[in-house]
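Two complexes follow with subunit A in common, the first pairing it with subunit B and the second with subunit C.
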Partner chain A sequence: MNVQSLEFFGFAAVVLALYYVLPMKKQNYLLLIASYVFYITLSYYFAIILLLMTLGNYLLGRKIEKEKPGRKWLLVGIGFNLMVFCFFKSAHFFVPEILSFISRLGLHIQTGSLKIILPIGLSFYILQALSYLIDVYREQIPAGNEPANFALYLAYFPKLTAGPIERAQTFLPKLSKQRVVDNKLLSRSFTLIIIGLVRKIVIADTLMQAVPAGLFKNPSDFSTMELVAWVTALLVGIYNDFCGYTNIVRGISGFFGIELSRNFNHPLFSRNFTEFWNRWHITLSLWLRDYVYFPISRALVRRNPSRNNPVNIALPPIVTMLASGIWHSFSPGFITWGALMGLFLVAERSLSLGRPLVPPGKKPPLRQFLGIIVTVSLAITAGIFAFFTIPNALQFLKSLFSNTAWVLPDSRVFLMIIPSLVVDIIQYRGKNELVFLTYPLFIRALLLTVALTAIFLFSQGGIPAPFVYQGF
Partner chain B sequence: MKNRSTEKERTLKIRRPFGQTILLAAILLIILLVLVETAARTDFVRDALPAPSIASGHKRLDIKLPLLDDLVREEGRIDCIFLGGSDVNASINPDVFSRAYEKKTGEKLICFNFGLDGFIPPAAAVMAKILVEKYHPRLLVWGFSPTSFSDEFKRTTKEIVSRNPWCRYRLGDFNLEGWLTDYSRAYRYFLRFRTWLERPGYFEKLSIRGEKTSKYGYHTAERVKTFTRFKRDEEQESRYRNILSDFNMDNQALAALEKTLRLHSQTGIVLVDIPVHPRYLTLHERGADVYRKSASYIKKRAGQYGVLFISTNRFDLIPRSGFRNISHMNTRGARIFSRWLGRQIGRAVSKGFLALPPRPGTVVSLAGVLK
Partner chain C sequence: MTENEIKEKLKTYICIEIIKNKDYPLTDDETMMSGGLVDSFSLVHIAVFIEKEIGVKIPDTDLSVEKMDTINLMTERIMQELK
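Up next is the complex of A and B:
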């Protein structure tokens, strides 16, 4: 059941109908059951792992709270979650190795039994479980007395497969309160879903489908202009895919009266890397900031309080971005991507040392514009390592500077990038992602008509592409 | 007690007015759809935009179907459709056929060549049903080489036809996209746009090859290519050699033949074996034998349904200069073959071996029926 599919919307509608007639306490049980039903439709094996992870983390949380300060149990909890995470993330690396080792020993086993699939959403709910344990340890939240609420925190179906990564301290209180869904929330949620569907079905799927398969195999067959155009299309496609997904699930969750966090804030208008990471996959960035970057920074500052100390400047961003790369995938490409992103942040901080700190929005317009160009170009350059295998990424970069023959890029790239930019510019200038709701009734209705027609037309034919971030 | 009342509070709290935007959008949607569909059907849009598409994934099908629609619109009817694979596409010029037929019978037929690359019998049979039921031609001429019934041929074209929403809809499997494609010209324009977005150069590939398609569906190349032994396509010859060496008639292809023959109750059907270059049959020692046996089987099956089967390979009909390769004619060969076929079918009709259903709207004289 894909999040943009009719089946998913039908499922959500049935759950919603029951939800509205139930009292609050039972609403949480309904959501929990619905979330597991949804997960079982993907795989019962995924649901079993989620159940075991929920039980483990719940008990660990109770232990941490009981045995104050509970550092030992926190470390057990972190170790447990990281072990599970590493096991599933790296299974496709080590399973073939184990198999070849076993076959070298002359033993023959059925490979089907060793096929380990990464459960969809595992990377997301493990981060949420970790934030819960750390926050309980820090006494920022109590270990939940309501096991069902904690289970729902991890399993809540709108955010289960690809986030947003919610924090226990903000999400759990929402589950204990009476939810109210009024006209305002309904129209906000509906608008988010429509924007999300346009981003996913009309823009992202079309852009991603247009990217030629040969780009990934033989980048040297393309001219510089084509390479730049297609890799930009890829970035805009991934952005719209993930942003579209987040909008849809936020909209659906809004119908339940539970508001989920925003994940994107026009990252393509970032004027530096610090800003970029505050705008792209915001919930992951904030998680990494709070649980990786800040603890490392604090530990380093305790050892050497100088802000200009090179280790203090370099280590936190590099480790944080490497962690981000590893979270995405254990592949060398993603680790390189993380390292490059870390280096860009270090370079940015180093360049600003000794200068007065000016917020990007206060800089002259030309510098802001140049900032956007440089940031997005470098983000794309790093992204090449994430999109391609390392040898192909290097071939890509080589071709970028050698295949300079004047070949115009495909006009389709611009045709699909422009609607994405238009939506972004409108939201950015209006300083509100739901700026459309402030328009006069007729304009709103006209935009809705165009959006619904486009969604309907582009959703016909072909199998809907799954969301990119469901694979992480 | 307080907690209880809180629990019982309703979650959904809607106040009026509610849903005005959705209601207005619904009205605008209806107006927009009517306007767009009306515009799509005007001559202005028809002339200004490229031909609409059914997004089949088969270039030639996507090109020929709108041409057939245009011809039917222009002439008000279609009398004869030639159906088959690339051999039919290359070897029958409907215009030449029609003139030869008219000379024999005095009647002008509006004909269209619906030969599509790779349309082996299972795919052609599906398309035959669609074409007969949608366009009601008076005559369906199915051309093939007897070796196209080989089980060596891949069935990709059949999958194209059976997967396409419009084809599925026409075959009775209702689906929204197929229904829209059938009824909405605006939607077919959108499909053309979507194909362009998804598959760059999809429609342009044929024009790059210098091929043009006439309004009667006949495709001509800019240059007349002639097959000589110096221009042999080793890969193609090796493929045909394999087919001939291990020839078996495919059950699905035979079932497709039966299906098409059964259409004779709805329209006049003629089966034609399309001439191939003499070298084709000498590629393998079994070649001539395979050809003769399969042709005689098809002839027998056609005879059981009372369907006319025109066999051509016993004549030295097409000179060697009339072929572009061992299985396809060039425009010179096509002109000779089309003229010959027009005369043959014209003769069959005038001598009463083939009865074409009357044109829709024709008043049949009672005397004629009684006679």
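Up next is the complex of A and C:
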């Protein structure tokens, strides 16, 4: 059951109808049962792993709280979650690599029993479990006496497969109080779903389907202009895919009176890398900042408070971005992507040392524009290593400067990047992702008609493509 | 230490060490994180400064826009710990 499919919306509607007739405490049980039913439709094996992870983490949380300071149990908890994470991630990456190597040697073995599938959403709920254990250890939250609420925190179906990565500190209190769903929240939620469907079905799917398969295998067959156009299409496609997903699930969750965190804030308008990571996959960036960057950086600054110390400047961003790369995949490409992102942050920091600080928004417009071009170009360059294998990424970069023949790229690239930019510009200038709700009724009705027509027309192409981030 | 003394200490440190402009007209309600003046790197330095000079440890998860965006918010968070 895909999040943008009619089945999912039908499922959510049935759950919602039952939800409104139940008292608050029973609503949580209903959401928990519904979340597991949803997960079982993907695979009963995923649901069993989630159940075991929930039990393990809940018991560990209780143990940490009981045996203050509970450091030993915190370390057991971190080790437990990281072991499960590494087992599935490494099996997901290394087993196919090993099997392909064996088959290249001419040996044929039965591979069915060796296939270990990465449970969808595992990377997301493991981070939520880790933050719960660490926050209980730091005495910022109680372990809680409601195992069902903790289970729902990990399993809540709108955010189960690809986030947003919520924190126990903010999510659990929402489960313990009466949820208010007023007309304002309903219209916000409905608008989020419509924007999400436009981003996913109309923009992202069209762009991603247009990208030629040959681009990943033989980038040298393409001209510089085509390479730039297709890789930009990939970035804009992935952005709209993930942003669309987040909008849809935030909208659905809003109907249950549970508001989920925002994950994107117009990252393609970032004027530097610090801004970029405050705007792209925000809930992951904030998790990494709070549980990786801050502890490392604070320990280093306590030892040596100098702002010019090279270790203070370089180590925290590089470790944090490498962790981000590994979280996405164990592949060398993603680790290279993480390392490059870390280096970009270090370079940015180093270049600004000793100069009076001017906020990006107060710089001259031309410098802001150049900042956006440089940031997005470098983000795309790093992204090439994530999208391609390393040899093909290097071939891509080489071809970028050698195949300079004048070949125009596919017009679909421009046709779909433009609406993405238009939606972003309107939201950015309005300083509100739901700025459309402030328009006069007639304009809103017109925009809704156009959006629904486009969603209907673009969804006629067959089975909807799964969301990219469900693969992580 | 009074609330005003904390504000003055924070302003002086931020203007000299973070913004590198001692004449910067930093107001109590200027949004420093969302306005791009203070990033994660600078926030850690401010947190360690608060630890050393005021004797208050702000937890990592509270080093957020919601709790540290302005001088007023920073002071409010410090005062919570001092009470």
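Annotations for the structure displayed:
Here, the second predicted complex is superposed on the first by the 452 of 472 C-alpha atoms of A that agree within 3 Å, B and C clash if a C-alpha of one lies under 4 Å from a C-alpha of the other, contacts with A are read in each partner's own complex, and residues count from 1 in each chain.
The criterion applied here is as follows: contacts are C-beta pairs under 8 Å (C-beta built on N, C-alpha and C of every residue); 3 or more make two chains touch, one makes a residue touch a chain.
Being a predicted model, the structure only gives us computed values, none of them experimental.
In the superposition on chain A, A:M416 makes contact with subunit B only, while subunit C stays out of contact range.
By the touch criterion defined above, A:T375 reaches neither subunit B nor subunit C. In the superposition on chain A, contact of A:T246 is made with neither subunit B nor subunit C.
Looking at the shared chain after the overlay, A:S324 reaches neither subunit B nor subunit C. Within the superposed three-chain model, A:T274 lies in touch with subunit C and out of touch with subunit B [touch as defined at top].
Judged by the touch definition given at the top, the superposed model places A:P295 against subunit C, while subunit B stays out of reach. Of the two partner chains, subunit B is the only one touched by A:T206; subunit C is not.
Put simply, subunit A uses no single residue to touch subunit B in one complex and subunit C in the other. Remark: subunit C residues 17-21, 24, 35-37, 39-41, 44-45, 47-49, 51-52, 59-61, 63-64 touch subunit A in the complex.
Residue ranges of subunit A in contact with subunit C, taken from their complex: 135, 138, 140, 167, 169, 274-275, 286, 289-291, 293-295, 297-298, 301-302, 305, 307, 313, 316, 349, 354-357, 359-362. Listed in rising order, the residues of subunit B touching subunit A in the complex are 6-15, 18, 20-22, 24-25, 28-29, 32-33, 55, 165, 176-177, 180, 187, 190-191, 194, 196-198, 200. Every residue of subunit A that touches subunit B in the complex is listed here, in rising order: 19-20, 23-25, 27, 178-183, 186-187, 206, 209-210, 212, 257, 410, 412, 415-416, 441-442, 444-446, 448-449, 452-453, 457-458, 460-461.
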